[in-house]
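Structures follow.
The two complexes that follow have chain A in common; it is paired with chain B in the first and with chain C in the second.
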Partner chain A sequence: MFKAILKTQWKWTRLAVFLAVVVAFTMPLLSMNANALPESPRTLITNMQAWGAGYALLAAALGLLVAVLAWSSDHRGHHVYALALPVARWRYVLLRFGAGIVFLLPAIIALGISAEIATSTHPIPQGLHAYPLALTVRFAFAALVAFAVFFAISAASARAAGYILGAICVVLVAQFLTDAAGLNWQIVSHAVDILMGYPGILAVFSGRWTLIDV
Partner chain B sequence: MSAWAVLLLFGGARHGAAQTQAEYRARVQALIPVWKATSAERRAADSVRTRALPKDTVRVGVLLVLADSGLNDLARNAASRAAQVIQARFGESADILRTHVFALSKEGGASQRPAIVGIAEVDSSGRVTRGQSDMMTVDAVTRDLENRSARVLGERLGPAFAKWLGSGLADDSATTETWIGVRIDLVTSPYHVARECYAGNVSACADALGIADENQPVMHWYDETERRIVAMRSGWQIRTGREELYRQCATQRVAAACDAFVNLIAPDQIQPPLPFPSRQNLVQLAFDLGGPGALARMLAAPNTRREQVAAAAGISADSLVSIWQRRALETRAPNPSITWGLAAASLLWTAICGAMALGSSRWR
Partner chain C sequence: MTFAVETQQLRYQAGKNFALTDVNLRVPVGSIYGFLGPNGAGKTTTIRLLLGLLRAEGGTITVLGESMPAAYVTVLGRVGYVPDRPHVHPSLTVGESMELHAAFYMRWDARWAGELQRQFRLVDDRRVGSLSKGETGKLMMLLALAQQPELLVLDEPTDGLDPVVRRDVLEAVLGYVSDRQASVLISSHLVHELERICDWIGVMDRGDLMAELPMRDFKNGIKRLYVTGAPELVGETPFTILSRAPMNGSAEQWLVRGWEPEMRGHVESIGAVVTDVIDLDLEDGFVELLRSFRDKR
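== the complex of A and B ==
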């Protein structure tokens, strides 16, 4: 059953996965080539941190695309295919979830190989270290979390998605109103801190996404 | 009679012996319109300059701000916050600012750019200087007034100190991020004194920061190879007429030629091995340790950087550098590797989201 789900889901997802593989493989090589002759080691670190935002965005985009594409066919067919299958709903969702996780792997592996090649073929200034494995592991966890979040949102009913959007709107409106009232309440900032700080749901996206560091 | 008229009369009288009284009168009469026109232009220029200055005066603590009407509240709130910060940081020395005038004016047409104000300073002749635009918020104007005040106070330490520091005095303590930056500078520095500093040699730290009390500090800051780099980097301005010496240093790598060339470079053109942020960080630490009286002691200290920072901190320069070195080495950037806790949290959130998807009522 998993094999069948994997096969059908692959057809919808393969283009996104292929693009993610290309980008993931290209980024470490490009980042090292762009900094082949850095002004100073400090400049190299700064530039590498700038590239770090790209890795985080790629992880988020990969998770988003794979999660949304996992449900796109079911949404189009109003879940008739799923209802026709002789499997429990929870099992069907689990199969889709598992297949999605499998489709994250090619980009993660591509990033790992590329990061290893990039750091082993370019000289690294004294005092600095390469972190290809650390970057790949962080990317893997970030992609996994992004996939899980968007998978849950995509699997949810329109009402549930509305609740999530509504919660975001409430925070933004509250910030607007408190600003208008002259109160210096950093509501959005606190909300972001909760989400991005440990052990928040997006904590893996914060921190140092850098291939070269001290 | 104005000075202009007196000058004209004396100027005319110089050659008076060779002309008749009538000719002399005619010359003076001819020059009067010129004098009147020039005087009128000067009066107009002065008038325009006076008109350009904001009319309302806001005095809060040590800060004096001239503000355009309508900007009084903004000026008062910002100056109030800035004055608190400046006085807390610099103590009685902040009184220096009492004679300094800041100006806050509406920028452009109010309807075109209502969110922008002009912030400037007024010099002793009434001229507006150092003008720039900023956001018309209390936060932005406060920050600008703080930076300008700290710069004005820092200028009292002399141009050599300002050049070494590379910026005005900081009105706050160094953040963790800046300490991390200093550690990165130490770890990644290509210069031997910085590496020795990282390895634990405090006197090397003083050299790397440029506060060692030595004759010919460049010889201590940089070794033979590094001096060649310094000569090539900083010596291009003085190459003209010394091409042979430069060639011997740059291409033949003759150490004596490089040293001779380095000695020709003005001392203030050669920067110490550690960059500006590290030096600013040292001064911030000195002010943290020294409290509000730090600047007063610094201003009273002998005119060497070593004595100045030591006076600010209220401890010996070696002790200050030792604390700086320990703090710089202790403040580590987070490792790029993710922790077990973060990995576990990520897996937990993945499982929670997966469970939420399982429980969805979408096609139940």
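== the complex of A and C ==
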């Protein structure tokens, strides 16, 4: 059963997975090549941190695409095919979820291999260290979190997705109104802190995403 | 009599304008049950409730002896379902669709699926999204049949198909039923199609199951009578008067159910005379039944 789900889901996801693998493999190599001759260790760290946002974005994009593509065909058929199958609904969701996780792996592995190659083939200034495994593990967690969040949203009804979008709009409108009223309320900033700060659901995306650090 | 499908007081509200009200549907085991009704009558909604795709607001549903939707995993493994709209993933090929389907059904018959594929001339590597309407209908029928169901639930399976494809599809269903003694619930608004294949009929309109009876009773029992001299109040009759329409003078046209020739005597006993009896075909019977039912509401 899982094999059949994996096979069909692969058909819908393979292009996104392929692109993610290419980008994930390229990024560490490019980041090291671009900083082959750094002016100072500090400059190197600053430059490598700038690349960090790219890893976080890639993890989020990978999670989003794999999650959305896992459900897109079911959505198109109004879930009639899935609902008519003789399998418990929670089990069907788990099968789709499991298949999605499998499709995160190629990009994670590509990033790990590339990070290892990049750091082992370029000289690293004294006092600094390479963290290919830590970066890969962080990327894997981030991709998993993004996938889980977007998978849950995609699996839900259009109404549920509308509620989430509505909640985001309410926060933005509230911020706009309080700004217009001259109140110094940092609503958006607080909302972002709650989500991105520890133990927020997206905390893995914040912090230092760097291949080279002290 | 045992029933493949049985509902009691089934209720469901869909929006403000449509509701199923106390539907008591009974599909005898081994029968081909035609579920007849105009578009929007509630046939698809009823079918979705039977299969646990929707949740009823009241009443009970029993399918193949199991309570629905509680036992949906077991029941769906024994039911072949062809929905009113294509539900197969359009990006998969015919072969991939069959492979995916086979993975979920314990009783999938790969050999027979292959035979049906050849019979329906479905090419393995054609994308489902690129199939014609007829080919998609055949594929859905293939998937439903090859899992060897005890109950086939077909929701407008031939709607929009050309006569040749329609015949192929119905022949496959009839062949299956005669081989395996399965039960079939087939919904349609194509009256003549059901007339050919069904042995039971249920008529639904605006969320109400108006009638449920053996096909022969439905076909033979509904007549149009031309009557003269009938009093305004007829009283108890051994047949059911569905409607009375005045004609010229004292002549009237009655639509009746359960008519037998020996009942002329009863009509004469109330001072009226039956001048003519017209047999209605299924379509006429259906239309008249629908009209009389709507007039009563």
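By definition in this document, the second predicted complex is superposed on the first by the 214 of 214 C-alpha atoms of A that agree within 3 Å, B and C clash if a C-alpha of one lies under 4 Å from a C-alpha of the other, contacts with A are read in each partner's own complex, and residues count from 1 in each chain.
Heads up, the rule we're going with is that a residue touches a chain if its C-beta (ideal position, glycine included) is under 8 Å from a C-beta of that chain, and two chains touch if they have at least 3 such contacts.
Note that the structure is a prediction, hence the values are computed from the model and not measured.
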{"item": "Chain B versus chain C as contact partner of A:R42, first or second or both or neither", "value": "first"}
{"item": "Dominant toucher of chain A (residue count), chain B or chain C", "value": "B"}
{"item": "Which of chain B and chain C A:G162 touches, first, second, both or neither", "value": "neither"}
{"item": "Which superposed partner A:G197 touches (first chain B, second chain C, both, neither)", "value": "neither"}
{"item": "First (chain B), second (chain C), both or neither touched by A:F97", "value": "first"}
{"item": "Partner chain(s) touched by A:L83 [first = chain B, second = chain C, both, neither]", "value": "both"}
{"item": "Contacts of A:M1 with chain B and chain C, given as first, second, both or neither", "value": "second"}
{"item": "Doubly contacted residues of chain A, that is, touched by chain B and again by chain C", "value": "83"}
{"item": "In the complex with chain B, residue positions of chain A that touch it", "value": "40-42, 45, 74, 79, 82-83, 89-90, 93-94, 97, 125-128, 131, 133-135, 137-138, 141-142, 144-145, 147-149, 151-152, 155-157, 160, 198-201, 203-204, 207-210, 213-214"}
{"item": "Chain A partner contacts - residues on chain B that touch it in the complex", "value": "181, 183-185, 187-190, 275, 333-338, 341-343, 345-354, 356-358, 360-364"}
{"item": "For the chain C and chain A complex, residues of the former touching the latter", "value": "51-53, 72-78, 81, 83, 85-92, 96, 99-100, 102-105"}
{"item": "Complex contacts: residues of chain A adjacent to chain C", "value": "1, 3-5, 7-8, 11-12, 73, 76-78, 80-81, 83-88"}
